[in-house]
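Each of the two complexes below includes chain A, the first together with chain B, the second together with chain C.
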Partner chain A sequence: MNYKELNWIYLFISHIKRDILINSRSLFDIVSIFGFMLLIIILFPMGIGPIQEKLDIVSNAVLWIGLIIAIIPSLEKMIQRDYTNGWLDQIATSPIPLEIVLLAKSISHWIIVIIPLIITSPIFAILLGLEFNQIPWLILSMSIGGLSICFIGIIGAALILGARRGNVLLPVIILPLIIPILIFGVGVNESIKIGLSPLPNLFLLIAFSLIYLVISPFISAILIRIAISR
Partner chain B sequence: MLNLKNLNIHRGSRIVFSGLNAEIKTSTLTLIKGKNGSGKSTLLRTIAGLTPIEGGEINQNGVNIFHAKEQWVRKLIFIDNKNGLSDELTVRENLLTWVKIKGWDTNKENLVLALESVGMQKYMNFYISQCSDGLKKRAALARLYFSFFNEVDFWLLDEPTNALDHSSYLLLQSLLSKFIKMKGSILIASHDKKSLIKDYDTLDIDKLRNVKTI
Partner chain C sequence: MFDWLANPNRFNRITNKIQPILLLASLITIILGLYFGLYDSPKDYQQGHAVRIMYVHVPSAWLASGLYLLLAISSIFYIVWKHPLADLMSRSTAPIGALFSLLTLATGSLWGKPMWGTWWVWDARLTSMLILFFFYLGYILLSNAFERKIDGSKSAAVLAIVGIINLPIIKFSVDWWHTLHQPSSLLKFDGPTIDGQMLLPLVLMIIGFCSFASYIIILNVKTKLIEKKCEALILKLNLNEISNIR
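Moving on, here comes the complex of A and B:
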């Protein structure tokens, strides 16, 4: 029998397009993520008080923690919807590997959720009084870090499929995995602040992202196969 | 010919089947009968490769289907109650993405023909969130039409007549008999007394079962 050879890259891109289309039709979710991050960034300086020096010490960490806390609630939705509506069953009964779909899902989540946050991050940086020369590095480190948070997030989201109160469980499961991202992400900007090269931290950040890139589709595919077999 | 040999199927800690033997003939409609909760859907999901088997094997013409799972899933269409439709996409977009992941040709004419075959051409640009249950079911059943341009051997349908009105029931009937004529095999899990088409086999799982549901 002659089977048409499947073009995985084509399928990968068309699945990214599908997910972006779905997310762009529920824009309220994305706006709420942005609003949530803005709230965190605004509340912090108010709690700290009007002393710039105090704020300087924590500003980088606040930005990163704001990013992480704002993204986490959205991670669950990455596959929850497709699980309940049966789309994952359709994927599993089609020749496209689940791993490709999951990789496409984390990348489309990065494009539709993290990129808008990163584009607006100069506003956040100004609100926290960051120096202008830090902003390009902030954008770079946040895009890489955000991508790895999506990779970790999809593992967590796959793990809690079908569990009750999964939204409470998810942060607990994935936060330990996010800690290295947080440390090196903040490290990039801290080293610029004290006049050192940001490259060592950046490379470590990239290294962690690559590790998560490699393991995340496989682990989450295993977890999803378990979830749909129930 | 599909042979189920000595199948053991568990769902969680519950044993659904143990030592199930059955035979499903080619180019026939086989109706899986059984009470609610007797494992009709589980059996279908197992044949579709979604629920793993704990023991035994399923052979198609003597070849274990799970040894070449990619080839097997290419040749089947599985539709259950969940339909697999995204609320945020339109009926047409849903069908299009589904055809893409199956790795089939997505030309416009086939898509329109498929939607016409279940009477959905009017609702092509409706969002699934705007559709009633019946329309959703029809949007899902539109996929079946693609078996006429591609190599498909099996339809696994779980309660396909749920929420369908009389006219779409007739459309589904004509799709089924057309597929049977093309030497396709259909497995339907249903508690419906009457069958969709005249000639059919039945697989009464209440009788075949060796272990009572715990």
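Moving on, here comes the complex of A and C:
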């Protein structure tokens, strides 16, 4: 195909299709992430005890922490496989802009990993005894927050390319960056609980997602070029 | 200015002159500051003698955040101008900064026990210092995580720069979280409006800590320079041996 025919939107969509296709061949990964989150959600009430009042205090935080802990191990795989089999070297030396590819990668990771968790999140919410009017806000805040976690995660995954014990290093590096997302994500539902408008927290969450949307493809592209030049 | 300092020999020559002055200054000011702080300053009317922890706590907190700025600036110099000395600078700054932030957390928790009644409170200040410590930890771990040490330098420098962008965001979000969840009842930090007798030892200690930290960092950079020279020398000797055998 002639490269002049390739425009960026076509590239973007075709890379998302590619990643979804690759991941759909190994559905076990996605199921294991779901199972991990379910485990966390089940274990918390067992530790706290069957008292609903106690559970109400922590339920939002438990949902968010379950989401973050379940996603973190999968973030490393976002570009690790393409790095080890040399696909990223090919892309970096080709005229295709690396930034577009990385943006597509984080979006497709969001589609593959976060969307299933969000679809099933009403189950988790019922398990923790959340009220029904909170569930739409939970879905909204989790999908926006999950998007920014994916943007942060691709920076982290690019940082540890080629490092020894990278899977241990990744949580230490990205957890400080995820803290604002956690605070405002939990804040959305907490403010409904105390009868305030959830919009301020939601807008801040959207603001963080937009900031990371702008900076993450460029930073991770720099890091991948550094990793490839090693 | 940094271009000019980037020459290792020139750096050695200048720091050879500066180092004894820094050591002397830090010794004198820390001894004087400790004397004034621990013996010759009034105890606080509310906090009693426990206020004397401040003379270690405040300077180390300043240094912990100041050294992160130094780390980020030298990382920018390494990424943009690729001076190897800037890399050594940030590599030797990071452990010192991590130690100072740990010292801040430790003295803060020692101070918190008699004053607030707990060792640890999830207050905005404490939390952001803890996050700063994690950034230092991430830098140190990442910069040493590669087979060849030099491989980690660039990635770790990018991490330090991302950290400096994110630190205000995190600080702001933590502040906000604090005011949302935990109205400050425990931690009215108004305390004493500092008077002259307390200010003198504090200023002395800050000067002393700063000069001590710069002395240690320069020492660290010099050690790393010597290490590099040794490595190059060993490589050269090995090459000679190989060529002799042939």
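Everything below uses one rule, namely that the second predicted complex is superposed on the first by the 225 of 230 C-alpha atoms of A that agree within 3 Å, B and C clash if a C-alpha of one lies under 4 Å from a C-alpha of the other, contacts with A are read in each partner's own complex, and residues count from 1 in each chain.
Definition applied: a residue touches a chain if its C-beta (ideal position, glycine included) is under 8 Å from a C-beta of that chain, and two chains touch if they have at least 3 such contacts.
Keep in mind it's a predicted model, so treat the numbers as computed, not measured.
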item	value
Touching partner for A:Ile22 - first (chain B), second (chain C), both, neither	first
Which superposed partner A:Ile30 touches (first chain B, second chain C, both, neither)	neither
First, second, both or neither for A:Ile219, with chain B first and chain C second	second
Contacts of A:Ser94 with chain B and chain C, given as first, second, both or neither	first
First, second, both or neither for A:Arg230, with chain B first and chain C second	both
Chain B versus chain C as contact partner of A:Ile69, first or second or both or neither	neither
Set of chain A residues, in rising order, touched by both chain B and chain C	230
Chain A partner contacts - residues on chain B that touch it in the complex	11-12, 45, 48-52, 70-71, 73-74, 76-78, 80-89, 93, 97-98, 100-104, 151
Contact set on chain A toward chain B in their complex	1, 3-4, 6, 11, 14-15, 18, 21-23, 25-26, 81-82, 84-87, 89-96, 101, 228-230
Complex contact set, residues of chain A against chain C	155, 159-166, 169, 172-173, 175-177, 179-180, 183-184, 187, 190, 204, 208, 211, 215, 219, 222-223, 226-227, 230
List of chain C residues in touch with chain A within their complex	131, 134-135, 137-138, 141-142, 145-147, 151-152, 154-155, 158-159, 162-163, 165-166, 169-170, 173-174, 176-177, 180-181
